[in-house]
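The two complexes that follow have chain A in common; it is paired with chain B in the first and with chain C in the second.
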Partner chain A sequence: MLYLQLFIDGVVSGCAIGLVSVSFSYFYATTGTFHVAHAGIYTFSAYFAWWLVGVGVPFFGALALAVALGGVAGYLTQRLLYERLARNTASPLVMMIASIGLLTVLQNVVAILFTPNIVQFDLTWRLSHLSLGGISLSYPQALILVSSLVIVTALILFSRHSALGKRIRAVTSNPDLAEITRLAPKQVFAIVLAISSAIVAVPGVLIGVDQALQPYTSLLVLLTAVIAMIAGGIGSLRGAFCMSILLAVVQSMSVAFMPGRWSVAAVFGIFIVFILFRPEGLFRSRFSRAF
Partner chain B sequence: MRKFIVTAFSALLAFSASAIAQPKEVLLGALLPLTGPAAPIGIEEQQGVQFAIDQINARGGINGVPVKILFDDSQGKPDQAVLAFNRMIDLNGVPALLTAFSSISLAIAPLATRREVLVVNPAAQTDKLENASPFLVNTIPLVRQEASVLAKYAIEHVGKKAAIIYENAAAGIDGSTDFRKYFQEAGGEIIAEEPVEFGQTNYRSTLLKIAAAKPDFVYIAITQSHEAMADQVGQIPDFPTGIGNTFSRPFFGHASTEGWYQTAIQSGYPDEATVAAFKKQFNAEDMGFFAREYFNSTNIILKAAKKVIADGGDITGPALRDAVLAIRTFESPVADVTFESNTASRPVEILQYKGKERVIVETARSAD
Partner chain C sequence: MTLEARNLVAGYGDKSILDKVSFTLNDGEILAFFGHNGAGKSTTLKAVIGLIPVQEGELLLDGERIDKLPIAARLDRGIKLLPEGRGIFPDLSVKDSIDIVAQRNCTPGGSKIKKDDVYELLPNLARLRNSIAGEMSGGQQQILAFALALLGSPRCILLEEPSVGLQPDLVEDLFGKIREICARLGVSAILIEHKIASAMAIADHVMIINSGRLVFNGSKAEAETINLWSYF
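Up next is the complex of A and B:
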């Protein structure tokens, strides 16, 4: 039963990281910008929802507003920061450094506007849990599981079948051609970052409900998500999500076989070995920027 | 008449001399984690220090000498703390400062010795602080003193098979090492042990593994995210009783931690008016443990400064340290602090969580 519970906990953690990974991957594959500030939007949206709940907004309303805030923050980040840097022919390294700067700003704004404290949502239901044959799943864990599956499926369907999704894929495949054919890649980049940022608000809020909110630790979540994206195959949403779950399950279950201090090292070790043997990742035959 | 003139002249001379010796202001420093994961604690500590300074200045300073406090941000990191320490000493000539966290106190201890600056530690508890520097004064007993009291109580009243969860940082490592030592010396057995990281909020796998070992109780030495751990404990049926030290206080008040134990350094509240003034000044719900301890420790430095000024000395690190050790006993509603060495001796309480109260089940001093 211990192993099963560890497995389930790993799957849930993996689903949350998977949403971070998928949303990061969606933007990175489209623009090639290493958007470190994604971690900042994750935190900012979560604290915003916490604040809203604190002032009496019902939880799902707060979640919706946090998602909207994430979307707006992402759109503005592309328009006001990345687009201007790109206009000045900034290198990817400069873009990444600017993104790190934005992350630091966001983390400090969270601490100033809301609180630097580790905080928890004041929601009575978050301590309730389901017991299924000896397996325990808290309500927030169940919510993470369901919402992540729905969002990832919806994003894949959106990407493949909607007009906008197809336009995004076209821009991703060839931005120069997209410019000539009036697909307006700059506008597409902003829309993609808005979508990615709206998505990342969901695990930010739900992990906060399940555990606690921390202003300064989202970078570690992003690091795991990026590793999952690389191991899953850059540009593959399905790969990023599946690999997030796999890595989280390995990390969770490794605790049963070795001291907990080795679990992170075990995950990263597996990643190194995996990438040595399959550098293109789990779901891609070669590196490219497409879904 | 002649006698009067001589007396008046002597008094004038004495007054002039004291006026010359009296400094324009007393400058103190506080090196606290004001940003980063430890900021919640650092800001509470800052409030305690600021409150003590504001209070003394509202009363006219130390014999009329105003007190100024300089804060600098260690970010909870030893390297940043060393930079901030050097800034304080090189640019401002601070003779004494308050610090926070074991790793930071240890990092600046050699600098304190070299620069002869009094460093007062009101909260860090790693055992290494005992001999880190002759200029380091600990106003709180160290981990091993709490651990020895707790281990003795645990084996007599809780059980002989223990597991340990500890934070992989100085305080957590010391806590687990000391508890293991005293518990095993008393005949106890450690059957499982797991580290967690500072600031972690997901403890599920660690808790599951520990529960599966079926110990009589779990000694938990973490300094952050207790609430998240308590929530996750509630999800595991029949999780064993937890015990911990002073930093375990946030475990109190959760349904999942009913019956748990913690040690506590006796730390009382100032009078009601003072607490009310603190709450009003900082818009705080409570004057928390760290605020009280930093308030009290700042007052200890201020009392030492008062003695130095009264003795006509200069406010220097060595003078302040000598004054602290000469005064030796500092009594206040927060704590009666006695310095037999550079580390304070204070009673240790063992508290058990029973409903809405933390009941004192034993009070003892470490025999070590």
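Up next is the complex of A and C:
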């Protein structure tokens, strides 16, 4: 039963990281920009929701506003930062450094606007549990499970079947041609970052509800998400999501077999096995650009 | 529609490749554009559509200066490019590629070349509708690239070796279609080709470039009286 509970906990935390991974991957595969500040938007929207709840906004209203804020922040980040850097033909390294800078700024803005402390949502249902045959799932965990499955499925369907999703894939696979066929790649990049950032607000808020909000730990979450993206196959949304769950389950269950401090090593172990023996990732991707 | 280049100088970065290239292209005309590898053919077309800046000289479309306009504004005016290499979206199916490009280039009433028109014009494409572009043969990809370049309301199409990878009978077929489109819709075309005889068959004018400088610019009749190869 302990194993089962650890397994379930791993799946839930994998789903949350999966949302970070999928949203990061969607933008990275499209633009090639290593958007470290994704972690900043994750934190920023989470604290924003916490603040809203604090001033009396109902939780789901706060979540929706955090998602909206994430979307706007993402759109502006592409338009005001990455697009300008790209115009000056900045190298990927310069883009990444700029992104790290933005992350730092966002973390500081959180500290100034909201609080520099580790805080918890003041919600009574946070600690309520569902029990299903001996396994217990907290309400926030259930929320993470359901919302991540819905969001990832929706994003995959959007990418495959909607006109905008196809346009994004077209731009991804040949940005030069997209320019001369009027697919407006610059606009598409901004839309993609808006979508990604809106999505990343969800795990930001929900992990915050499930555990606590921490101003400076989001980079670690992003690191796991990036590992999952690479091991899952860059450009494969499904791969990033499934790999996030696999990594989180291993990390969670490893606690039962070895000292807790080894759990991160276990994650990297899997990562290394994957890049050595299956460098193309978990699933072969049909959605990527040549880097 | 008249496209005119006056003493065009263009290149990459600070380097100039084109050396005062001048030409005029009228409504419905086809200009065959020849030259050795690295002569500056692609560079000329890139300057016309705006992928590289014009360093000196002028580009005029119906008398309007367009050499300072961004790519999008030139596309709006009906300049279209079939680029060198892969002019397709490898991840998308033929149908999706055409749908997306049509959606962004065709207006409900007014477009000259709509989705149905390209399928009608290129029946092979209709059969490949559900194939993934990146998984098709080189020749099939080329036909799709041609279709994508046509969608919308082209007035001047810039074609970079449209025949690359096509089997011989399809080359003739494609060139016949280019001629037909130009004549029927009053579209003009610049046709970069290494298959000189095939291109000559549909051309009105011929232009030869050698190391960035135009060395021949004349009517087809004039071109037929000379040995074109001596200009390479």
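Simple rule for what comes next: the second predicted complex is superposed on the first by the 285 of 291 C-alpha atoms of A that agree within 3 Å, B and C clash if a C-alpha of one lies under 4 Å from a C-alpha of the other, contacts with A are read in each partner's own complex, and residues count from 1 in each chain.
One rule holds in what follows: a residue touches a chain if its C-beta (ideal position, glycine included) is under 8 Å from a C-beta of that chain, and two chains touch if they have at least 3 such contacts.
All of these numbers come straight from a predicted model, not from anything done at the bench.
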Partner chain in contact with A:Gln211 - chain B first, chain C second, else both or neither: first
Touched partner set for A:Ile118, first chain B, second chain C, both or neither: first
Touching partner for A:Arg182 - first (chain B), second (chain C), both, neither: second
Contacts of A:Thr153 with chain B and chain C, given as first, second, both or neither: neither
Residue contacts on chain A - larger count, chain B or chain C: B
Chain B versus chain C as contact partner of A:Ser162, first or second or both or neither: neither
Which superposed partner A:Asn174 touches (first chain B, second chain C, both, neither): second
Chain C residues within the chain A interface of the complex: 49, 51, 71-72, 75, 80-81, 83, 86-92, 96-97, 99-101, 103-105, 132, 134, 148-149, 151-152
Chain C partner contacts - residues on chain A that touch it in the complex: 163, 166-167, 169-170, 172-174, 176-184, 286-287
Chain B-touching residues of chain A, taken from the complex the two chains share: 2, 5-6, 9-10, 13, 108, 111, 115-118, 120, 126-127, 129, 136, 138, 211-212, 214-217, 251-253, 255-256, 259-261, 263
Chain A contact footprint on chain B (complex, rising order): 35-37, 39-40, 43, 168, 193-196, 199, 201-202, 204-206, 208-209, 212, 224-225, 227-228, 231-232, 234-237
